[in-house]
Every structure is written in structure tokens, then in C-alpha cells.
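Labels A, B and C are assigned to the chains in the order they are written; within every chain, residues are numbered from 1.
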């Protein structure tokens, strides 16, 4: 089972799923009936990336709680890599969102709830990074980062609700998906989540190895 | 020796200290008033520009930036004189410290607002909003609680880092965006159109939710933020 | 555990018990497994070069730091599991006065009295201010105090709540002779019925007060002995064990 969930296998699985997803999205699923037409296809990537970003932040949230309870630094490593991946995916969400926006509304940027929530998420988790960089002592850094990761994650949904108070109606809301679209979408979603898991797992393992190296260096008198 | 006695003791100490020196209060009030003047010059480039729908935003941006100054100050001294050690040596629940500090910061913010709001109204608000005073005060109080509770938690963390006061805005401002949205929306409505309680209810609920959630979160994590 | 301790207390209960204390800051191990005990009524003087871990040990016992490993007990309570009764039982005197400069002596003491739940608050404050010769300046803000006066007020702060154990972190450092006299006078007065742990660079004072002596170096106990060692012998021992030449 462990072998099945190892990073290389996950990457392979993600690769397959995403390629199949692209094929299905472009050749199998129909062109969207609404005004968006062909540009709607970006949604097959945009939404799964957005979901993966949130899941990554969620992993960081859980890791933070586990760290505070156990004081075991490995949870700190997990939190740190998850935030990094989440940040990467958030930037991709905004990039794909902007491309889609230009294609369908003609503007590169619009102040609407979902885009702005992800923009804020980028700043929140960038703040997480800055916080980590100004604390020198390891346990304290992990503790403060954990507290902030918890607070930040709670803030994201609240931000989303608050931004809906602002006037704006541009972001397309997707009502039900017809059969063939749902299949492609499902596969892309699964593929993206698998990719996210693979990236986090690989980065986490790298961090643990780095720690072992440092420990060895210290015990050798470094 | 109860938590309540200790809460009062910490609060009283912080209030006496500030009211005696008035360092923080005077600086914050001056800052707030200066900000208003700067806003006027910044936004009235066009002759007769109507700032009515900017009022909520100007007011809350000013208060939030003023609190950044105040929050840093409220912990700086504990840190500099090692008084924080003295406080942590006491048999006191860390959460009691959190609540006492938050309420102290709240009191200072309210004092500043008591001075700033009338001046602001004089400069920027055309209609009399006395009829809507109650909803306005509700918005004020709820937003203040959010700013002070999250601010206290994050100031505790940032004071213990290398960047100290530089870090607080980076941590706090993104978190306060939802609060800012709700507070400025509600405040602008009160100043501009003067609707009764009804239309600001949605925003008040956001503020209430924000406060409740983050007070609980701060309560749960403060022990970690202040200890070592 | 040390033979000296067993021989000395002959049954006196241990007020402070430290077992295998380890503390790591990041990747740096500051305390590498320290064990010792202080019997009730005892006075342990701890010496050692800067960075040895003396102050870290003290701060762990005072509940200001959490240990990375090992066990510390004070007055029968584990400092990690049960810190509240430990805090009530401790008075901490350090070279940082831990006083609020913009509050008066009275306000400072009132604050701490409330925090510790001292019942006869006013009487106790008045009594201490008199003993420490600060009554005349009780309504002056601490900012106007000299270093010696602040240290005296800090002592008042530390013993306000009648703690059983006193932790002293280089208490004589930076004091003028008058303040040293008052401190010593006070220590003499409260010597009975209290347990002491003092970290110091001042060998003379450490030898004068200690019933047990210890040198910590590089995170470990380098030397321990019951009192009764004269200054010269001890200085020689110190120089032998400690290689940075900081001898007073």
C-alpha cells in the first residue's frame, strides 16, 4: 500500500489522469452552450486548481493543529510544504482566471469574489512565509507559523462571504454539468488533486531528508 | 485570586500607564486627524468631488492604521523592560492576559474614535446621521472588537520576531479584509443614505461572525503565541 | 544523583528535583541532561561561564521555558504538567527588575499582589516598602529610581506573595554597596524557611551563601560539592573546569 501511494506512482497517476482529462475536455465534452463558448474549456483546469489550492491550505491547517498538540517538527514541515504548494496553485488560479476573464469579459482583472479571495489568500500565505523568515529559533518558528496557518485558513471562507457583499456579478457561476462535461471535469479534478498530493508528498519527504542531513552534520561536530 | 481580579489588574495597569504618559493616545489621535487632512487633499483633485461614498473607507483605513501603531506600542514596553517575564511568572491563565490586553486596546481605540468621528463628520459628512447613531455605534463596536482581538494576538507574535513592528501589518491587514469590507460598507451607508437598521444587518452579521470566530480562535491559540 | 546530596539532607525532602533535563534551541543543545536536587531550606549556588546553560536551567525551573526532555519538580509539582502551583511557590529575582517604569512603586506592587492573590495586600506592601527603605518614594514612578532602588523594589516584588522558593539570577550584579548590604540583609532574614537557587558569577557571594555548589559547563554539570570549600580552592577548581577565564 505504501508503495502504491509513493510519490513517483502518484505523479504517474496524476499525469495520466490529467492527460486523459485534457483529451476528454477538448474532444469529448461539447462546447459550452452559454456565451462563453470555447473559452469555457479553461474551467476544466481552473476549478480543479482552485480546489487543490484550498485542499493544500486545509492540509496546512490540520498539520498546524497536529504540531501544536504534539510539538513534533515533522508536522511543521508538512505545513510548510503544503502552504508553498497552495501558494503556487493560487497563483495559477489567478493566472488561468485572468486568461479566462480576458477571453470572456475582455478585461484582465475584475474585483469579484472568487478572484479577490484567491488574491487575498496569496497575501495571507505570503505573510506566513515572511513570518517564518523572521523567527530564528526552530520551535518558536513552527509554533508561530502554526498559529498563523490556523487563523489564515479560517479567514479564507470568511473573506469569500464578505466579498459577496460587494457589488459585482461578473464571475460565471456554473450550474449543473451535463453528463459528458461532468465526466471530463471529474477526471481533471481527480488528476489535479492527485498532482497536488504527489507534490506535497515529494516536498515533505525532501524536507525530512534535509532534517536528517542536518542532524548527521551536527552529530559529526558540524 | 481569581481570573477576574487578574484581568482587572492587568487592564488597570495598562490604562494607568497610558493615561499617565499619553504617548500612544496623543500620537494616534494626531495621526488620525492628519490622515483625514491628507485624504482631503488626496481625493479632491477634481473640483467639487463628491466623497460621500468614500467616507466609510476613509474612516476605517484611518482607524486600522492607527491601531497598527497602537498595538505595537502596547507590547513594546513589556518586551523592553522584561516585564513580560514578570507577567508570565505570575500564576495567571494566558488567556486572561489576552482578554485584558484586548480590552485595553479596545478602550484606547474607542477613546480615539470618540475624538475622531465628530471631526470626520465635520470634514466629510454632509447629512446628519444622528438618527442612525445606534446602527453606527453597533458597527463601530463590532469592528473594533475584531480589530483589537486579532490585533492583540498577532502583535504578541510579531513582537517576538526579528522584525517586530514591521511584521504586524503584513500579518494583520490581509486578515482584516473581510472586516474592512463589512465595516466600510455599513459605515458608508449610514453616512451617505441613512437607512435604518435593516440594510446594514447583513454587514453586521458578517462582523458578528468574524468576531465570534476569531475570538474563539485567539482563545485557543494564545497560549502558544505568548509562551516559549 | 550526587552522593553529596544524599549525605547532606539525610532525609530532608527535596524542594527542587531536576532529572535528566535537556533543552534544545533549534539545532543547538544547550542543556544535555542535568540532574540535581535542592533540599528544603537549602541554598544551591550555580556557577559557570556564559552560555553554559545556567540561566536556561533557572528559566525552565521558573516555568518560563519548556524543557525538551527530562523532568523538573518543584514543591511536589511537575513544572510542565502543573505550572500554576509552581508559579505561586516561586519568587524570581534577576538583574532585570521586571518593573513597570511608568507606574509608582505602590502601583507596581499592587499589580503583582493582585496577580498573585495576596490577601493582606496593603499591609504587606507597606511592610515590605519599609523593610527595603523605599517608603519615602512609594508614590514616585519607577522611572525615577536608581538602579539600586529598582533592585530593592524588585526584591519586594519577588517576595510579595511569600514564595517558598527563591530563584536568583545574578542578583548582585550591578548593585552599589548599599544595595548589596540590603539584599544580603534581606536574604539573611528570610534564609530560614526558604529554599534558594542562585545563579551567579560572583564567587565570593556564591560561596558565602551556598550550602551546595555546582559548576555547569557546556550544558552539563562539571562539578558539584557541598559547601565548606574556601575561595582559593574553589577558584582553582573553577579555573580547572572552566576554560574562559571569567573568575571573580
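In this section, contacts are C-beta pairs under 8 Å (C-beta built on N, C-alpha and C of every residue); 3 or more make two chains touch, one makes a residue touch a chain.
None of these values were measured; they are calculated from a predicted model.
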| item | value |
| --- | --- |
| Taking each chain's C-alpha mean as its centre, the one farthest from subunit C | A |
| Contact-richer chain pair [B-C vs A-C] | B-C |
| Core chain by centroid distance, with centroids computed from Cα atoms only | B |
| Whole-Å gap between the CA centroids of subunit A and subunit B | 32 |
| Chain centre separation (subunit B, subunit C; CA means) in Å | 40 |
| Subunit A and subunit C: spacing of chain centres that average the CA atoms, whole Å | 51 |
| Overlap residues in subunit B, where contacts from two or more other chains coincide | 228 |
| For subunit A, residues contacting two or more additional chains | 136 |
| Touch list for subunit B against partner subunit A, complex | 150, 153-154, 157, 160-163, 167, 170-171, 174-175, 177-179, 181-182, 185, 202-203, 206, 209-210, 213-214, 217-218, 221, 224-225, 228 |
| Complex interface listing, subunit A residues touching subunit C | 136-139, 214-215, 218 |
| Touching residues (chain side subunit B, partner subunit C) in the complex | 1-2, 5-6, 8-10, 12-13, 16-17, 20-21, 77, 81-83, 85-92, 227-228 |
| Touching residues (chain side subunit C, partner subunit A) in the complex | 25-27 |
| Subunit B-touching residues of subunit C, taken from the complex the two chains share | 62-66, 83-85, 87-88, 90, 92, 94, 96-103, 107, 110-112, 114-117, 141, 157 |
